[in-house]
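First the structure, which I've put down as structure tokens, then a few questions once you've had a look.
Chain nomenclature is as follows: A, B, C, D, E and F, assigned in order of appearance, with residue numbering initiated at 1 for each chain independently.
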């Protein structure tokens, strides 16, 4: 049975990012993509995440109504992932939480190579919150913004190799997670360069890995716990106009 | 110097709740109150919290512009507290995080008496996230909704006494936090009833305690770390109409 | 591309157990099964595990030579899983470590319903070792041996329902793992009975779930870390006769 | 209502240190100061702390009899703080425990800049004991004794700036605590120098911060838990002559 | 070579307690006993412990001068143990810290059967401080004071059996520590009664076990770390009269 | 009463290693030595450990039948230690678990100086499993194999001094464990060299220290918990020929 997985990119103006996922489609797997109509263009702050969460939940409800089998958030901040789980019954997976668990399955301690220093603190707190902080060796930044990575992918890969080597040799990591959804595509080159330097560790690209895990959960007939993510109870929403209507969407939790 | 503390109740339709705080005003302390214009009426879900966060941040910026000295969130979900810290420089305190730290100062292990079972999981995760999980003995629910507590405050107090006694005698708590902002006013009766049963532990009413701590931080000249809560970078917000304008408010983080 | 997953049951005299896995085969997934030629018939002790490990490693090497894509151990003791990872490069997954990570993805805290009290201690230590102990709410036993479960599956299911309900209601679990490979098949009935009682939590059957995750890792091109599981160096093995030869198998680690 | 807070410096020959606290007095706050009659002159050892504890408890009882509202220990070893809590009912706060909790409220991870290496071990153990070890990023020493800091406050400030920068940039601290009561007065200069280098973190001066928190607890009507700090039962004390009499002081715990 | 171990009972009026230790003497082991001249008669409070510490240190220095090989504190509060380590170079062992480590060597999780509820909190904190909290399953009280245990040893043993069984069956303990030095002599009867009920766990009597470990450390040529327990620096002690002189004793740390 | 302790070296071809232990014999202590007949020659891998475990258990049963009082494993991998505890009632101690507990008794944090980087990961996991991970400061490798240490003991000692100094000065260790059984004999020289550099920490040689602790447990009448290490139940073992017979040995666990 063909599974349908929807990728939600939790920011506006991001339609062009959907093309990256076509490569994962096959006879068993249909992949569709959406980004937000309502929300911010940049996510790397708590406020950005908060502004992106309502429409992410609306997009999740829309996907469930359309018969999608599972949802994957296309951002390492796992934006709206746990909130959306309250509203839908199909699996919703965030790439950070998922890749931390997959990394835990593959090796003894985990390194994360992220963009910039300012997200390290929040990523450490999230790892604790996910119950995976115990295996986290270190998070190191390559000190490049999304724009800089797009402008110079070669430099991005070189920095990823350097930082990954530090994560393994200095911090003792046995597995490395690429800590930003915009690093997709670098994993094979980084892995090859590291192998040349005698460093053989799995390099996890979080979003593509999360797609595979989402498909596995569908095959296993599993979804998140309604005990842990109970249905929200809200009677009235003021001031979100169309968005409020979309979030309600069905009459599930809106009396 | 008179300090001005603003209470933000992070839900709509809550103007009537402001009266509770007048009793804390004195020559040194001015207290003002606001609730939300945009957001949900009920908060006890991750989605409710997400919908309440944007206007909480807008209200925080407004307060800072008006010269308020510190902000206190009037909800045990600490709704929007860390997000607002990114946008303003005056102290913003949530009653759950604050009362967990105060409880840690007063005794060896902490019990929380909350409303209903369904919030226990998220409150445990929040305590870990705040770095205070180590001292948390247990969270127990009195099994009453906000509406039920309002309808029968006598029953609420009786249940609080029973649950507090269990927290102390079964779970070993040395301090008890009233785990919902709507339990305000019960602390003295609960404390007296417990003392009659030979149980002498501090009963912390979170919001009033947080007001006192906020005033102390102002006196000490301290506010939250901009290293931990850096300024958000967002270029564009779609679909929040007036709310988006309010969040930007000043031109601080909006280029 | 069709994936080939081999199930290794790490005990002797267990050929009849292979039939259970045929149901998971499809156009994308070939499943083969083997049990041990050398080792014990019962595994529920550290000694039993030690005696089962060498031939499990031999069977893993054999599978890798035959072009199998991934290996799944058919025992909640994850017998020989980490040892076999040293010798082969294809993914090797144990159902206990895997289902703890999957459970962590689906809910806030994890309950395990196992057979008998005497394995609880070792299962708790293993969860710590896997770095997942932080999310483990409790392990409870249904107090039935493998033989008793086989003799009375109805009683087994009834006990599983009772114990699962305790894990959720008393211990706060949001997800329940069936803690023994011999409970396979019970998950749907247990889940349905629990739903009737108003308890809606995912019930994870570990071995089938692990098969799906193994397939996902193959799809994602991921395997365990050679940094964490380096190639063993042994020059000589005395007294394992044929078994020693099988373990060497290829000349990979045997100089 | 004017609050009266007493500072106890837990060493002998320290009368001259009281002047530092006059700046914190105002219409709401009376501050008095005492040092010990019986005990050691230097505290930086477990033995020094043990010798200072009895008279600290005697001074605490004396203060309670005199109607003082709260007590603050003037030493980062929190000398006698928990012992005195057994004997009195007014709040007793140590600056190390208090500033760790305040730092936890203001940022994600905490750095401490202390005097010399030899106190780091005991300060790490104390942070664990207080339940705040989880948020402690690192403790670093400026390698100056109290005498050296007094002789060259400029060098002290320079070293504090250097060490604070290391705590933030290398250890990831978001808040810095000045780890010795003798660093009082440096906080503003250190903060300004750090800001020039682009490091914006709160610098907590522990004793003055603890005075503000003590006043807040008085305002909130809170004191430590008698469940956690029960009344001591001692029938007879040999060999402490006058000191023993002072400790008994009232007939509260001395039958 | 005959080893000489000195037992220090850290309270006054306790000379009669020394006889208990004669049974452990043999050709290899000389045991001497002392109690305090200066200090309290009852220890079960932080204040009691503080008042007992100075003379415990004096007795430790006296023992070292007399050529004693190792010291054992005769109280589960490990009174003065870490303070005395600063002043002497021979091993000083407390029975609580030592028995927690021995219990950790013998089984997976540790139960402690103590006297009364009011010491449980402080014993839990001490276990964390010793780095052994991770293995502590639970501490339960038999609800008898020292006086009551002396008056009715039969009842004491019966309660110990009941509480030990709860520690094993409810809390999952694999080893039980008798949590008070006054329970010495009960270990064999408790062990036998438990065996009759099918509960086979080691029952550790802390003081006698600590004597054996102290002898082992002497044989291994090991003592505590001066890095962790550095020499105290104190110039002057006021008001301890004779006791101050005894603590200085030699001129080791007193300039 | 003379105690008889048997050292089991868990590898083949190691008879020559027994001579090292004669120095510990005296009137109270008889020491005998055995190595394996069946198993690998090199242990530094999980597979090596698995292949060594069965005959280690057989040797343990043999020793118990011969009236030996306690067993010590001669390898820092604690090979077969917990498995053998299931089969015998006399104490079985591994040097890694034992020296971690002894180190915990002697200082605040523990450093381990091991051979090569590749064993660090597994040693960290073992420390967590033993419940002692909390006190482990760091494990550092001297980067020499067993063969290289044997070829150049002077270089080994020099590297141990360097690495021990790093463990103390950089990682904050207060105690250092020699992390390989082949470092025996270096402890005094390393200790002396470190003292010359002003570093005074206990250097624990694990196997000799474990012998002393084993003797202490015999004197204290203590052995491991049968609750934690229950008797194995195995009906049939295939393919271990003579070894299987030896493991059964008596009819204790073999029905």
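Following the convention adopted for this analysis, contacts are C-beta pairs under 8 Å (C-beta built on N, C-alpha and C of every residue); 3 or more make two chains touch, one makes a residue touch a chain.
Remember, predicted model here, so these are calculated numbers, not experimental data.
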item: For chain C and chain E, chains touching each; value: B, F
item: Relative to chain A, chain with the most remote C-alpha centre; value: E
item: Farthest chain relative to chain C (centres taken as mean CA coordinates); value: D
item: Residue-number overlap at the chain B/chain D interface, same or different (half cut); value: same
item: Relative orientation of copies chain A and chain B, as a Cα rotation angle in degrees, nearest 5; value: 180
item: Distance from the mean Cα position of chain D to that of chain A, given in whole angstrom; value: 44
item: Distance between the centres, which are taken as Cα means, of chain F and chain C, whole angstrom; value: 30
item: Contacts with two or more other chains, residues of chain A listed in rising order; value: 108-109, 121, 125, 174, 227-229
item: Chain-to-chain touches, reported pairwise for every pair that qualifies; value: A-B, A-C, A-D, A-F, B-C, B-D, B-E, C-E, C-F, D-E, D-F, E-F
item: Residues of chain F defined as touching chain C within the complex; value: 12-13, 36-42, 44-51, 53-55, 57, 80, 82-83, 86-87, 118, 121, 125, 128-129, 227-243, 247
item: Chain D residues touching chain B - in the complex, by the definition given at the top; value: 28, 91, 93, 97-98, 101-102, 104-109, 130-135, 168, 173-175, 199-202, 204, 208-209, 212-213, 215-217, 219-220, 222-229
item: Chain D partner contacts - residues on chain A that touch it in the complex; value: 120-122, 124-125
item: In the complex, chain C residues that touch chain B; value: 108-109, 172, 174
